[in-house]
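The structures considered in this document are given below.
Two complexes follow with subunit A in common, the first pairing it with subunit B and the second with subunit C.
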Partner chain A sequence: MRIPQDLQYTKSHEWVKLYDEGTKAKVGITDFAQNQMGDIVFITLPEVGNSVTAEETLTDFESVKAVSDIYSPVSGDICAVNEELADAPELLNTDPYAAWIVELENIGDTVELLSADAYEAYCKEQEEA
Partner chain B sequence: MSMLIFERSSAGRRLSILPEKPVEIEQYIPSECLRRQDLDLPQLSENDISRHYTELAKRSHGVNDGFYPLGSCTMKYNPKLNEAMAVLPGFCDIHPLQPLASIQGCLQVMAEAQKYLAEITGMDAVTLQPGAGAHGEFTGLLLIKAYLHSQGQLARNKIIVPDSAHGTNPASATMAGFSVINVPSDEEGYVDLDLLQAAVGDDTAALMLTNPNTLGRFDKNILQITKIVHDAGGLCYYDGANLNAVVGLVRPGDMGFDVVHLNLHKTFSTPHGGGGPGSGPVGCKSFLAPFLPGRLAMEEEDGTYGWLLPEQSIGDVKAFYGNFLVAVKALSYILTLGADGLAAAASQSVLNANYLMKQLSASYDMACDGLCMHEFVMSLEKLKQQTGVSAMDVAKALLDYQMHPPTMYFPLIVHEALMVEPTETESKETLDQAAQAYLEIYRRACSDPESLHKAPQTTPVGRVDEVGAARNPRLKFGD
Partner chain C sequence: MEAKTPLYDCHVALQGKIVPFAGYLLPVQYPAGVIAEHMAVRTAAGLFDVSHMGEVTYTGKDALANLNRLLTNDFTNLAEGRVRYSPMCNENGGILDDLLVYRRGPESFLVVVNAGNRHKDVAWMQEHLFGEVTFADISDQVAQIALQGPKSDDILRKLTDEANIPQKYYSFRENVSVAGISCLVSQTGYTGEKGYEIYVENQYAPQLWNQLLEAGKDYGLLPCGLGARDTLRLEAAMPLYGHEMDETVDPLETGLDFAVKTNKDFIGRDAILAKGLPKRKRVGLKITGRGIAREHQPVFAGDRQIGYTTSGTHLPYLNGAYAMALVDSAYAETGRQVTVEVRGRHVAAEIVPLPLYSRNK
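This part shows the complex of A and B:
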């Protein structure tokens, strides 16, 4: 299971990359999340210009097993969405850390964000539970 | 592959020869509304059509073909007597707008079905209008909303749903304009009372709950659960999907619920899906009755039957009176079994599930310990880790044993879940055969996992590419 060191993680299995001194962010789902969901066949892309609140639903995606929500790790405004995922949702399976879902600006609150090491420990705990 | 009906078509072949038009009706229709091309319909003889559908029927699997333990769906045998009742001309050859005096028998059936379903659920009034379970949920939530608004309680806009709920619960709540709060289950799969207490408040509209829950457990705290919600000013909605485990034994109304929907196509032995249609009657306590949809059949003082129009009705949720013939079949079932029979059926469904669970637990891990109700959930997580054989593989392999797989990957709180509901209408012999098949598949998973990845081998269609179908759907014939 891949957990890149340069990203931060949520307990609901999203990754977030903060940049421009924390004013902007990209968000995606983790390797653990895509592995649990199985083959992803659809993702609803949110609209550019929408505001999102940390911890609330950002969007949802669908695999052959289930539909699941993706929660926003941060509050902010959506300034870009990864249109490529509309036609190729399988990118979330094959390269989840390249397949960003949204880009956010005007970042406000965040949920509790974990380092790569802390997230790895959390995933182990989840698997053993 | 067998041919599509369009591929069997031969130009000019007909089922029947229509007479010459007595008048040129085209002259009465505006020219821009007239069709200029013939409809592209298949052209076949009656014999061709009959063979086509018989061939398709042979390739499918229904309750009449074999074991069908699809969890949470209650695929019980549908007695032929129900069908005999539903084809009586007095029920079939009628029109929804014909004079009441000429359909008194139909109204009586509806009134009696309403009365018995109210008695069975412990409710005061029942509408037969909703067309299926989720439609019933939506209707029940609209009742709750109409009631809360009539009380000026506009801030109550949240529906609490446990994480073990059917996926339709949060979907129906959202459709009805509520927002959803998810409450995690405790370690045994029951509603966590502390988390529920923390979740309720001035914004609580209602709790939606299935009992027995989707893990097949009867929530022993049910009276406390409904009290917590009522004390906070919210209402309690009972999802009747799992009523078969307790019908005739306990009543949702006595558990503290205010609204309930039933699935006549589950508990009351009417056919499912395309062969149905479904029917999702909604029962409620008297304070919600003024808001019921449509019209209710009622007996007048002079012994005749007429319509009762609820005063503050939310309006129709379906045309006319719902799927009336399904209500005929359900009433036939209720009257055939009687109060004792319904309770005996529920008890037998629980016994059958426990009998099968006990045999399977020799190899398979169960999601929870102890006795189950009418269904049980297995977790194949460990098997998958050890052998690579998934719940999907086991489900597909069962097709080679001429039985329908159980429900897969539900409830979501159990990983690699298989949910088995044998129902009361299966014999001990069938359950023993099923147990042998499940246990043999488990042994094959350990000795020859590759053979299970390739299953099914004996069905007309082998392993289908579900991912390919979802990612690159081809929805049009002939492309």
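This part shows the complex of A and C:
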């Protein structure tokens, strides 16, 4: 399982990359999340301009087996969505850290964010549970 | 606490993702994933553990009479070595289960039922026994492995003589040796492809499973989990108990009229006849909007709810979102534009004929 060092993680298995001194962020799902879901076949892309609140539902995505929510790690305004995922949701399986879902600006609150090492330990606990 | 099938250790060794299903711990998928497993069955072959299915036997002078009274289909002219599908109904014509009947001899039958209904079925069957018949639930002694896909013949031929392979769909051979193990081999399945279901004593199941996997290596055989079993049967429009049918649905509504013989007496017959023409019909839906319909979602024609979906997902071979639905017969014509309410949102769909997929024969 891949967990890049330069990202931060949530306990609900999203990754977030904060940049521009923490005022902007990209958000996606982790390798653990895509592996749990299996073959991903659909993602609802949120609308640019919408505001999101940390810990609330950002959007949802679907595998052959199930539908699952994606929670926003941060509060902010959606300034871009990855349109490529509309026709190629399988990118979430094949390269989850390149397949960002939304870009956010005006970042406010965040949920508890884990470092790569802390997230790795958390995933191990989840697998053993 | 879920039971393990005799193949549990094989699934763990193959890194299957184990989930509880119908009282058993079974793999939902292996590392290849549902889509790859599904495609393997359509283009090469797949191997499934279906040991959770229940098996019961009827033997004796009145075995045939019992089955003809209990089940909607007629087994009078079922030849030895042949298999026939049937719903089993309650007095109201509601479906208790759907099952396969194997005729092993003039007075000997094997009946294969759904795992999730086994205990209910066995109680119902025992309650309705009459005359000279011996009934036994042998589910816990029997494992079942399904080998499905266009390469299944090639794979089976590597492990047994051609003469041991049943040549016709819905026929079987009993006490034949596959990889040196005594089996019942049946040309049946739940995928819409040519294939076989192999019944074997529990203790020999892992050996048979591993031999089949090995024999299939050169043919692209993949072990397949419950996920692919479900997408395959949905693509082939095969009904699943708890989805396309349950005790509130009668067999005519869900399109099983071919297996309902109202010219003989059976439990539920009067209720089915009294209802007249079915008011609902099972249809296919192609999702034309953006989204994926799942089971038990309302289907609308304009503002009017005309029914509900019974199964739905993204189907790998057709490479799109599809569903089956039970809808008002007056709104069931092919080509009708409808919507499915998917988590509060109306997604466009079109009624299409069933099956969604049918193999080139």
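Going forward, the second predicted complex is superposed on the first by the 129 of 129 C-alpha atoms of A that agree within 3 Å, B and C clash if a C-alpha of one lies under 4 Å from a C-alpha of the other, contacts with A are read in each partner's own complex, and residues count from 1 in each chain.
To be clear about the criterion, contacts are C-beta pairs under 8 Å (C-beta built on N, C-alpha and C of every residue); 3 or more make two chains touch, one makes a residue touch a chain.
Computed from a prediction, not measured in an experiment: that's the story for all the values here.
A.B. asks: Clash or fit: subunit B against subunit C, after overlaying the two structures on subunit A?
C.D. replies: Because the two structures are overlaid on the shared chain, the partners are seen to clash.
A.B. asks: I'd like to know which partner A:121 touches here: subunit B for first, subunit C for second, both or neither.
C.D. replies: After superposing on A, A:121 lies clear of both subunit B and subunit C.
A.B. asks: One more residue to check, A:67. First (subunit B), second (subunit C), both or neither?
C.D. replies: both
A.B. asks: Kindly classify A:42 by the partners it touches after superposition: subunit B alone (first), subunit C alone (second), both, or neither?
C.D. replies: In the superposition, A:42 touches subunit B and subunit C alike.
A.B. asks: Based on the superposed arrangement, let me know which partner A:1 touches: subunit B (first), subunit C (second), both, or neither?
C.D. replies: The answer is neither, since A:1 touches no partner chain.
A.B. asks: Based on the superposition described at the top, state which of 75-83, 111-119 or 327-335 belonging to subunit C clashes with subunit B.
C.D. replies: Answer for the clashing stretch of subunit C: 111-119.
A.B. asks: Residues of subunit A that sit at the subunit B interface in one complex and at the subunit C interface in the other, please.
C.D. replies: Of subunit A, residues 39, 41-42, 62, 64-65, 67 contact subunit B in one complex and subunit C in the other.
A.B. asks: What does subunit A use to touch subunit C in their complex?
C.D. replies: Interface residues on subunit A, with respect to subunit C: 38-39, 41-42, 44, 60, 62-65, 67.
A.B. asks: Flag every residue of subunit A that touches subunit B in the complex, lowest number first.
C.D. replies: Contact set of subunit A toward subunit B: 36, 39, 41-42, 62, 64-67, 89-90.
A.B. asks: Would you pull the subunit B residues touching subunit A in the complex into a rising list?
C.D. replies: That would be residues 167, 409, 412, 415, 466-467, 470-471 of subunit B.
A.B. asks: Spell out the part of subunit C that touches subunit A in their complex, as residue ranges.
C.D. replies: 17, 28-29, 33-35, 227, 231, 290-292, 294, 313-314, 316, 321, 343
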